[in-house]
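Below is one structure; the comments refer to it alone.
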């Protein structure tokens, strides 16, 4: 692949922004290395989209700064920032063909016509849309439109690629195949990507780093594994994947469902407890067993076996886990 | 109120144009003119004859033609200038007025016609701003003065239609009154007139389409001289606008009252026409609007001060070139085309 | 969008097209054609009138002038409307309603009063020249009126609203993300406007531009009063040939040529830029509408605001000076007046004829609005369901009343209706107005139906609603703004008409415009200025009241 534009590093320092009386961004700081795929994860209203828009320059901020490759981009107008942006609704120019859409950014940079043509062809091949070059956006499916939006943003070799929940409108299978493509493209192209989503599975799959946001603050930023295995607090633990909180001596033990074992045989588990089955459901890769343990409802994901399959609601059952699998979190 | 409207509508629907006996419908152009007619003629006529007169407005020749063609004439007496009269006559829209119906012996010869009774005389002449040309200095007197931009500098306004203008241009160029229409009938003569007007074009600020315009323009200072109607100028003077008129040369036109063919109340209409033709009645209009009476006999009844404002005193008529409506009926279309083309250049 | 041909959806095409179609045939085609056929000779067939048109150069030049002025006015109206529509789309709802009021006010002022006000403003020692010379910008008075600039000013002033409204609608359909995408790709403000905003708002411009152009062609009061002889427009010639010259065959010839020229242009225009080609959005979830973010306005945005303010001043200037003018005591109009009095207001309320005429005009306008809204909406619904092949032909036919000179319709209608006795009753005028007004409703409702999501209709029908119920509860609320806009245009068309009133009323059924024009050949009665002021006041109160009410509803 020839499109190798190593992205630039982004440093966000104590960013603050208010919307009237609400604090949209409350002292946000984040360092994104060059070429890193960083996801801003959170629920609606968490501030992730606002943060993305301030990096793009579509929103202002009151305090702090944003440095791209060491340069403060605050005073820089949007059109000068060399960012590639993929919008939630793709924002393709409806009156231009795919080719013209993709070529737009290059035309703005006043490249020679031949050069533009070459680069457009190249990126269309990259996203596998060469056959659709002359179509209008309304003649494409949602997935195809999404790829055009991506191609348009990539072809200009942006310092940073910003993506605002780009897969939200697609069905699950399509979403997964495009996620794969995104990962492949990122590996090939090496751009710095800032990706916004509320879907934690997507975040875990795609990212080098995840910044989890809530109420305008970054609650925790780490690698996907770091966030998943070492959540800083209860909020993080519950947001990414599921988490059980087992009451024990006035404290709570946090443990993931897949770390719980159920049944007579509990190999390797140094902690063993008792409970009642409240539900048993087959989920393809195994069984999901809901247990009641002293009033707390716990979920366990276990491999399929006849023993598990035979469990009935109300049956008393033993379960356990490895104490090293328990997560050490500060309870807030 | 609603019931009244429904009833009135029903009545109108059921009985178009039916008017109870001893009534007539009079249609003219509204405004101050119609008000003057109402005060001078209609109200006294009703008092004297007992015939009720209902008033309407908008006697466009086209509407009269439409009424006559569809035999739905609702007007008994209509008014028009000479042009409207002639066009209507050519299309057979008006009843012929015989001497037995109305005696018009005393009417000024230039104002007689077989199909209409002359109601008033109004003149086109030069009106000017007394601010630009005060009495202390030279004031315009003739059409030649109107064309003299050196002696009387400043912007002018003229009608956007050729009637009276082509005559005034030739008069300003020195053609004697008796020869005007003869000259205009020749190609060279018409060209001479149009060339004269064309020469003045750079000094013309506005070509007016409605009678109020030249007076507004004089009053506001947009122009210093205007070729316009004496009645309107007089109204301006009475409203304290700084305007005066030059009576030395004028082109009078005659206003006529006619009876559309098929009018429902012909007898009453004839009675009305007889009324206004009588010199003593005719004179009364001049009290309300500065239009001159149509017969010399009427002059006796008009106070001297008022006479100063009228066009048809014997002295003034000496230098008056009556608009030849027959000539205009024959040549109007052609002359208008040439005039419009010249304006548009 | 492809629709199943006869999916039994409960609204047959003929039901939509027949009512207005019938009205057009009886009350438009018959009267107009009966007059136009005179162009080909009164006795036998002859082309002598057309020859005269071709041989005498002044007629060709007048036709050219007419089309030229109409074109210029359309362009100017578009240029002036852009900043205003942009600002309306990017300010809060209260400011927007205020701007909307500003745009609509000139409508409510009679053409005669508006032109008089402009003349007072622009004459040699009028307000504008006084300002220019007083501030030292010029040394001699500039001739703003009695020439081309006068005509352009007068006509643009009154025709702008026809573009502002659809353009504003186009702006509201623009998505913010589309503009931001262009910016993120490196487009500066000018490029954004030229390559994104302009092409995407073009359909709004096209719809409004058509209305303006066709209206402009038929204007003759404004060119007569505010222009010079070089700006004689063809409607003036047609009217004078009908009214004064009584040369109906020639007038018919002029009108026929005008009609053919306009319809041809219209047909070509429809084919390339027509109402059919509204551009749809680019998929994905619907984005935010075009608005101003916390980033504030770009310099281009501020320039637009300044331009919009100038345009706003242009729109409101004559309306404002009309008020002090109405309080002058002299029958000769001046601004500022030398002395003040309430004479003209007293005159208005004191003489029964004024209030009666106003009442009559309102009655007729009310009837016209009711009828034309029904006819126009039905027609729009019918056309929307037609097969594409005949659609633009039918559309062109339905808007023909807008381009035929009104006087021809008036005379023709007189001949048609005189035997029935409807002339002189309220119904003669009403029917004439309905013919003129319905095309406006048709255009606005048609545009509204375009942006109506067909899926909503299917959803409602699928849930068991009858077509009528679906229409009442789903479609109607959605297209209501389009209907309202059409109703406004219809009302004004009726309220301001002089010519049809002139022919189809008598003294008992006099409308306000007819009263206003009485005596205008000789003088201008300032009572009409007082009347106009009252109408403006009432409009402002009604619309302002509406504004306050809606505000309360949304809080």
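Order of writing sets the chain letters: A, B and C. Residues in each chain are counted from 1.
One rule holds in what follows: a residue touches a chain if its C-beta (ideal position, glycine included) is under 8 Å from a C-beta of that chain, and two chains touch if they have at least 3 such contacts.
Molecules present, by chain and UniProt name: A = Putative spermidine/putrescine transport system ATP-binding protein; C = Putative spermidine/putrescine transport system permease protein.
Because the structure is a prediction, the values reported are computed rather than measured.
Chemist: With chain centres set to the mean of the C-alpha atoms, which chain is at the far end from chain C?
Modeler: Relative to chain C, the chain with the farthest C-alpha centre is A.
Chemist: May I ask which two chains are joined by the most contacting C-beta pairs?
Modeler: B-C
Chemist: Specify the chain with the shortest distance from its C-alpha centroid to the centroid of every protein C-alpha atom present.
Modeler: The chain sitting closest to the overall C-alpha centre is C.
Chemist: Using Cα averages as centroids, what's the distance between chain B and chain C in whole Å?
Modeler: 36
Chemist: I'd like the Å distance between the centres of chain A and chain B, where a centre is the mean of that chain's Cα atoms.
Modeler: Chain centroid spacing, chain A to chain B, equals 89 Å.
Chemist: Could you give the separation in Å between the centres of chain A and chain C, each centre being the mean of its C-alpha atoms?
Modeler: Those two chain centres are 53 Å apart.
Chemist: Touching residues of chain C toward chain B in the complex: what are they?
Modeler: 56-58, 61-62, 65, 119-120, 123-126, 143, 145-146, 224-225, 228-230, 232, 242-248, 330-334, 363, 411, 414-415, 418-419, 421-427, 502-503, 506-510, 514, 518-525
Chemist: Would you mind writing out the residues of chain A in touch with chain C in their complex?
Modeler: 19, 56-60, 78-85, 87-95, 104-105, 108-109, 137-138, 140, 142, 145-146, 152-153, 156, 162, 168-169
Chemist: What does chain C use to touch chain A in their complex?
Modeler: Interface residues on the chain C side: 175, 177-178, 180-188, 191, 195-196, 199-200, 279-287, 293-296.
Chemist: Which residues of chain B touch chain C in their complex?
Modeler: That would be residues 5, 8-9, 12-14, 16-17, 29-34, 54-58, 60-63, 65-67, 69-70, 72, 74, 83-84, 87-88, 90-91, 155, 160, 205-207, 209-213, 215-217, 219-222, 231-232, 235-236, 239-241, 332-333, 337, 340-341, 343-344 of chain B.
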